[in-house]
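These are the structures in question, set out in turn.
Across the two complexes that follow, chain A remains constant while its partner is chain B and subsequently chain C.
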Partner chain A sequence: MSINSHYPQAEDFRHALNARYRAASIWQALFLSALLIAIISLLALIYNVLDGAFGFVAFDYKNDPAAYTSTPMSELTQKELAAILKDNLSSGAYNKLEKEQPLEKRSQAELYTLFLERLVELDTKNTWSMTESLLHENEIRAEVARKYPTAKLEFRSWLTPQFLVTPMSSKAEFAGVRTAILGSLWLVGIAILFALPIGTGAAIYLQEYAPKNFLTSIIQTNINNLSGVPSIVYGMLGLAVFVRVMEPLTSGSVFGVTDANGRTVLSAGLTMGILVLPLIIINAQEAIKAVPDSLRQAAYGVGATRWQTVWHHVLPNALPGILTGTILSISRALGETAPLIVVGASTFISMDPDSPFSKFTALPIQIYQWTTRAQSEFHAIAAGAIVVLLILLLTLNATAILLRNRFQRRW
Partner chain B sequence: MENKYAIEANALSIYYGSFMAVNNVDMLIEAQKITAIIGPSGCGKSTLLRAFNRMNDFVPGCHVTGELLMQGKNLYSKDIDPVEVRRKIGMVFQKPNPFPKSIYENIAWGARINGFKGNMDELVEQSLLGAALWDEVKDKLQDSAYALSGGQQQRLCIARTIAIQPEIILMDEPASALDPISTLRIEELMQELKKNYTIIIVTHNMQQAARVSDYTAMMMLDKEGSRSGTVIEFSETKRIFTNPKDKRTEDYVTGRFG
Partner chain C sequence: MNLKSAEARKFRQFDLKKKFRISESIIQASLFFAGILSIFITIAIVYELGKEAMLFFNDPDVTLGKFLGTTKWQPGIGQYGIWALVSATLVTSFIAMVISLPLGLASAIYLSEYASSKARSILKPVLEILAGIPTVVYGYFALLFVTPILKSIFGDQIQVYNMLSAGLVMGIMILPLISSMSEDALSAVPRSLREAAYAMGATKVETSLQVVLPAALSGIGAALIVGISRAVGETMIVAVAAGSGPNFTFDPFKAAETMTGHIARISGGDLSYNSIDYTSLFAIAMMLFLLTLVLNLISQQIVNRFRERYE
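Up next is the complex of A and B:
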C-alpha cells in the first residue's frame, strides 16, 4: 500500500488525467495547423505558377493577314498555309526552311506558327494573369480598346504542345522549351550515370570494407558536410576542373570534335554528379546499414566471400534505399541553377544537344533568363516553363519510385 | 584418414580487443557425435562456438590465442582461408535467418557459390528431406522463405547448411525461438544428422542437452569477479548430469545455481 500512496488516487487521478488529455489535444491542434500551413503553402505555390501560365493576351498583326489570303485565319488548312509561305517568303528563307524539313511534311500548327511569325508578324501588346483575366474581364477589354484600338484580345494558355517541342526563339510567342528539356535530361542523365555507381561503390567500401578508424571517421564527417556545401561552390569546382583542366576531354577535342570548348553538357553533368555524390553516398550508406547483420552472417555461414555477400545480399536489399538517394539527386540536379551559370550554360541556343559535347541550356536557366526580361509575355512563358519543370520532376521521380517499389515488393 | 576427433581446441583463448571473453579452453570434440555447450548467460558460449568457424573474424578487434585443430591443421594459421573453414564448418543461428529469396534459392545459393556442379533440383530435395522439411514445402519451392513458420524457417536454415555438405555443424540455441513441438522436431533431426555430421550445440535448455547430446561442456566465468568464461568441466553427458565432478556444474544442472 505504501508504494501506491505516492500516486494520485481516485478524484486526483481523474483530475490529472484530464490535464493530460488537455495537453494532448493542444499538441494535436498544433500538429494539425502545421500540416495545414504546409498544404496552404503548396497550394499557393501551384496557384502562383498556374496563374502566370494562362490568361488574356492582347496582340496585333504588323501586316494584315487579309493581304495573304481571303480565307479566315482560323480556317487555313495545312496545304493553303504551305502555299502562302511559298509565295510570300523570300526564296532564301524558304529554301532554308525546306532544307530543315520540307513544308508539306510539317503539321498545320507548325506552318500556322511560321505564318504568324514570318508573314503577319504577331505583335503582343500586353498579357494578364489568369486571376486578372477572370475577375476583371471588362476592365481589360476597356483598356485594350482604349490603348490598342486595332488589337485583338484572346484568352490563351502559354503551355501548349507546341511550346514543348519548339526550340528557343527571341520572340516569346514562338519560343519553346524543347532545347531546355533535352538539356536538362542530358544533364540529369550524365549526373546520375556518373554519381550512382561511384556513390554506391564508395558507400559499399565505407560500410563493408573500411576499418573503423580515425581516417574513416574523418572521411565520413567530410562526406556528411559536403552535402551541405552551397551549390555555387560546386559550380566553381566544375569550372576549374571540368571546364578548364579537363577541357580536352570534356570538350571532346580528344575524340575529334572540332571548334570546341569545355562549356559542354558533359562538364555540367559531371559538376551536377559531384554535387549529388554526397547525397547518394549517404543514402546508400544508410540503406546498407539497414540490411540486417543476420543476413550477412547467413551468407558467410554457407561459405560466401565478402564480395559474394555484398553483391548477392547486401546490395539487392539496399537497392530501395539507394534509389531513394537517386530520387533526391534527380530533383536536385534538375532544379539547380547556380552551378550551371558558373560552368557556362548557354542562355540562347536553339540547337538540340545531341552528344555529351554539345552546348546546352537547361530548364532552370531558361526560366531564370525569361523572368529577367522586361516584356510581360516572357514572364508568361517562364510560368509555362516552370510547369514543365515541375511535371518533368514528377515524372522522373515517379519512375524512380515505381522502380523502387518493384524492388521492395519482391518479398 | 579417419580421425576420432573432428576438432580440437588447445589452450584456446578469445579476446574482444583487450577483454578476454573465453579463457584457455581445451576440448576434444568427437566426430559424428553431438556435443552440447551449456552455462549461464554471458560466459562465452556463443563466442566459443563462433570461434570454431571463424565467424568472430567479422567482429572488429576480436582475436584468439592458442590452437584450433581440424585434421591436424590449425584453423587460425596464416595459410588457412576463413572462407574455406566456413565451408567445412556450417552454422545455424539462434534466430532463423533465411535469405529473402525463395525456398529453393535459399538452398541453391550456397551450393552455387561453392561451385556445386551436380543436379540442383536433386540437391534441394535431398537437403530438404535431410532437414525433415520436404513434405511441408515440396509444393511451394518457389514461395518466399519468409512465408514459412519460425520452426520451418529454422529447418530451412539447417537444410541450407547441410546442402553445402560441411563436416561439422554449429548450432547456437537453434530452438530457443521455437515452440515445444518444433523444438522436438529439431532435436529428432539432430539425431538423424549425427550419422553424417559432427554437431556442436549451444543450449540453455538442460533437458535438451541431456536428451540430445553425447558430450557436454560446462562453461562458467572462471572465477569470482572475473568476466572471462572457461570450460570448467567437459565429459560424457550422462556423467555431467548424474555425477559431475565440479560442485558448480552440479548446482547449475540441478537448477540450484546462485
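Up next is the complex of A and C:
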C-alpha cells in the first residue's frame, strides 16, 4: 500500500506512460534527423559541385573571326586552322608553338583552341550555374542582350575530354588539369614507393618481432600520435627538411640538374610519404593481426625460420588487407592540399612533370587556386576539377572495398 | 673412446640449438629500423620546428609579453600578438564542435541503438563518403554554397569571407569522426546493461540516454577531444572560406585568419629563409603540434582506460 501510493495509478499511470512514449518518439526522430542532416549535407555538396560544372556562359570575341577566314568557324578543318595560325601569329610565337609540337601534327580541336585563344581572343563575360541556367534562361538571355550586346550565350560543360588533356592556362576557358593530374600521380607514386615498404616493414616488426617492452610501447603510441598530427605540420617538416636541408638532393643538383630549387615533386612526394606512413603501418598491423596464429605455429613446426614464416605464410595472407590500407592511403594523399602549399607547389605551371626534380602542381592545389580566384569562370573549372578528383577517389575507394570483400578470409 | 667422440660428432649434426643466421639478423635489423623510423620522424618534427621556433623567440624584438599579451600579428613590422590568430582558431573550432558533437552523437546513438542492419549498411557508407571528401572540396562548398545561403539570411551583416561558414562546414567534416568513435564507444557497452534497463520497464530512449550513454561517456569524451584536435589542425576550409589577414575578433560574421590558414597563406608565397616571417611560421606550427599532441595523448589515455573497464 505504502509503495503504491508513491506511483501514479490508473488514469495518471496511462498519462505518464503516454508522455514517456511521446518523448521516446521525439528523441528517436531527433537521432534520425542528425543522420538526415549528414545525408542532406552530402547531397548539397555534390549538387553544389555539379551545379558549378555546367551552365550558361556569355562570351565575346575581341577580334572578329571573319577577319581571319571566310569559312564559318564551326567548319574549319585542321589544315585551314594551321594555315590561319601560320599567317597571323607573330613569327616568335609561331616558332615557339612549332618547337613544342609541329602544328601539322596537332589535332583539329587543339588548333581550334589555339585559334580562339591567340587570334580571336575569346573573352568570357559572365557564367551562370546549372540551376540558374535551367530555371531563368529568359532572364539570362535578356541580361546578356542588355549588358553585352555583342556577346554570345552558350550552355557549356566545363568538364570535357579536352579539360583532362590540356595543360594549365591563364584563361579559364582554355585551362585543363593535365599537368595537375600528372603531378598528383608523380606525388602519390613517390609517396607510396617510400611509405609502403617502410610501413609494411614497421608493421611486421611490431607484430612479429618486437618484444613486449617499453621501447615497443613507445613506438606504438608514437605511431598513433603521428596519425593525429595536422597535415600542415608535416608540410612544415617537409619545408624544413626536404626543401631546405636536403636541397642538393631533392633539387637534383647532385645529379646535375641545375634549374630547380628544393621545391620539387620529390620533396612533396617524400613529405606525403611521411604523412601516410602511420596510416599504412596501422592498417598493415591490423591485417597481420588478423592472420591466425595456427599458421605461424604450423610453419615453425616444420622448421621454418621466423622470416620464412613471415614471408611465405603471414605476408601472403595479410596482403589483401595491406593493399586495402595502401589504397586508402593513396586516396588520402590525393586529396591532401595543405602540406603541398607549404612545401611549395607551383601555382602556375604548364610543363608536364618529367622527373622527380620537376616543379609540380597537383589536382587539389589547382582546385584551391581556382576556388580562391574572384572570377566566376574559375569557380566553374574548379568545380570541373573537383568532379575529376571525386571520381578518382570514389574509384579508388570502391576498389578497396571490392578487394576487401573479395579476398577477406574468415578464419 | 673413439666411438664416443664419433657419436658426439654425429650428435652435434643434429644440434637443436638456435643457429645464428646472418640473413635473418639483417632482415630483423632492417625491420627494426623501419619500426624505429617513426620515432625519428617525431624527433625530426620536434627538432626542426623547435629550432626555427627558437630562432623566432630569440629575436630581441620578440618578447613573451608581446607574443601573449598583444592582439596584432604582423611579424614583418614588429607585431607579434599571437591572439590575432588564436582567436579565429578558437571561434571556428568552437562552431565546428557545436555542430559536430550533437549531430555526431545523435547519429551514433541511432546507428548503434536503433538502426536495423539493413539501414546501417546504407547509412554508414554515407558517413564514410563524407569522411573521405578532401578538405579543399569542403572549402569550395563553404565559400560557394554555405556563404551565399548565410548572406541571404543575414544580409550585409556577414562578410563574404567569414568564420561562421568555415566553422559550420568544418562541423560537417568532423561529424563522421565523432559519429564513428562514439558508435564504437556505445557498442562496447555490454548488452546486459541494456537488458537490465528494459527489465525495469525503461523505454528504448530512456535506456539509450540514461544507461548506455553514461556508460560510454569516456569514449565519447575521447571522440570530442580528437574532434577538437582535428578542428584546430584543419587548414583548407579556413584558408578558402574564413578569410585572409589576421584579425582579433570573436564575431563569427567577420573574416579572420586561423593559425593554420596563416601558415598556408604565408608559406604559399616566396618566402626567404631566416626572415622573421619564416621563423614565426614554425613557432605557430610548434604550438599546433604540441596542442594536438596533448589532445591526442589525453584521448588515447581515456580510450585505453575505458577499454580495460569492460574487458
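Criterion: the second predicted complex is superposed on the first by the 351 of 411 C-alpha atoms of A that agree within 3 Å, B and C clash if a C-alpha of one lies under 4 Å from a C-alpha of the other, contacts with A are read in each partner's own complex, and residues count from 1 in each chain.
Quick note on the criterion: contacts are C-beta pairs under 8 Å (C-beta built on N, C-alpha and C of every residue); 3 or more make two chains touch, one makes a residue touch a chain.
Bear in mind that the values here come from a model prediction, so they are computed numbers and not experimental data.
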Touched partner set for A:295, first chain B, second chain C, both or neither: first
Name the contact category of A:317: first (chain B only), second (chain C only), both, or neither. first
Kindly classify A:237 by the partners it touches after superposition: chain B alone (first), chain C alone (second), both, or neither? second
Partner chain in contact with A:278 - chain B first, chain C second, else both or neither: second
Partner chain(s) touched by A:305 [first = chain B, second = chain C, both, neither]: both
Of chain C and chain B, partner touching more chain A residues: C
Touching A:102 in the superposition: chain B (first), chain C (second), both, neither? neither
Partner chain in contact with A:248 - chain B first, chain C second, else both or neither: neither
Under the contact rule defined above, give the chain A residues that sit at the interface with chain B and also at the interface with chain C. 305
Write out the stretch or stretches of chain A touching chain B in their complex. 211-212, 292, 294-305, 308, 312-313, 317, 410-411
Touching residues (chain side chain B, partner chain A) in the complex: 53, 55, 58, 60, 83-84, 86-87, 90-93, 95, 97-101, 109-110, 113-114, 144, 146, 157, 160-161, 163-164
Per the touch rule above, chain C residues touching chain A in the complex are 21, 23-24, 27-28, 30-39, 41-42, 44-45, 48-49, 51-52, 102-107, 109-111, 114, 123, 126-127, 129-130, 132-141, 143-145, 172, 175-176, 179, 203-206, 208-209, 226, 229-230, 232-236, 239-240, 260, 263-264, 267-268, 273, 281-282, 285, 288-289, 292-293, 295-297, 300
Quick check: in the complex, which residue numbers of chain A touch chain C? 20-21, 23-24, 27-28, 30-35, 37-39, 41-42, 44-45, 48-49, 52, 197-202, 204-206, 209-210, 218-219, 221-226, 228-233, 235-237, 239-241, 244, 274, 277-278, 281, 305-307, 331, 334-338, 341-342, 344, 347, 364, 367-368, 371-372, 379, 382-383, 386, 389-390, 393, 397
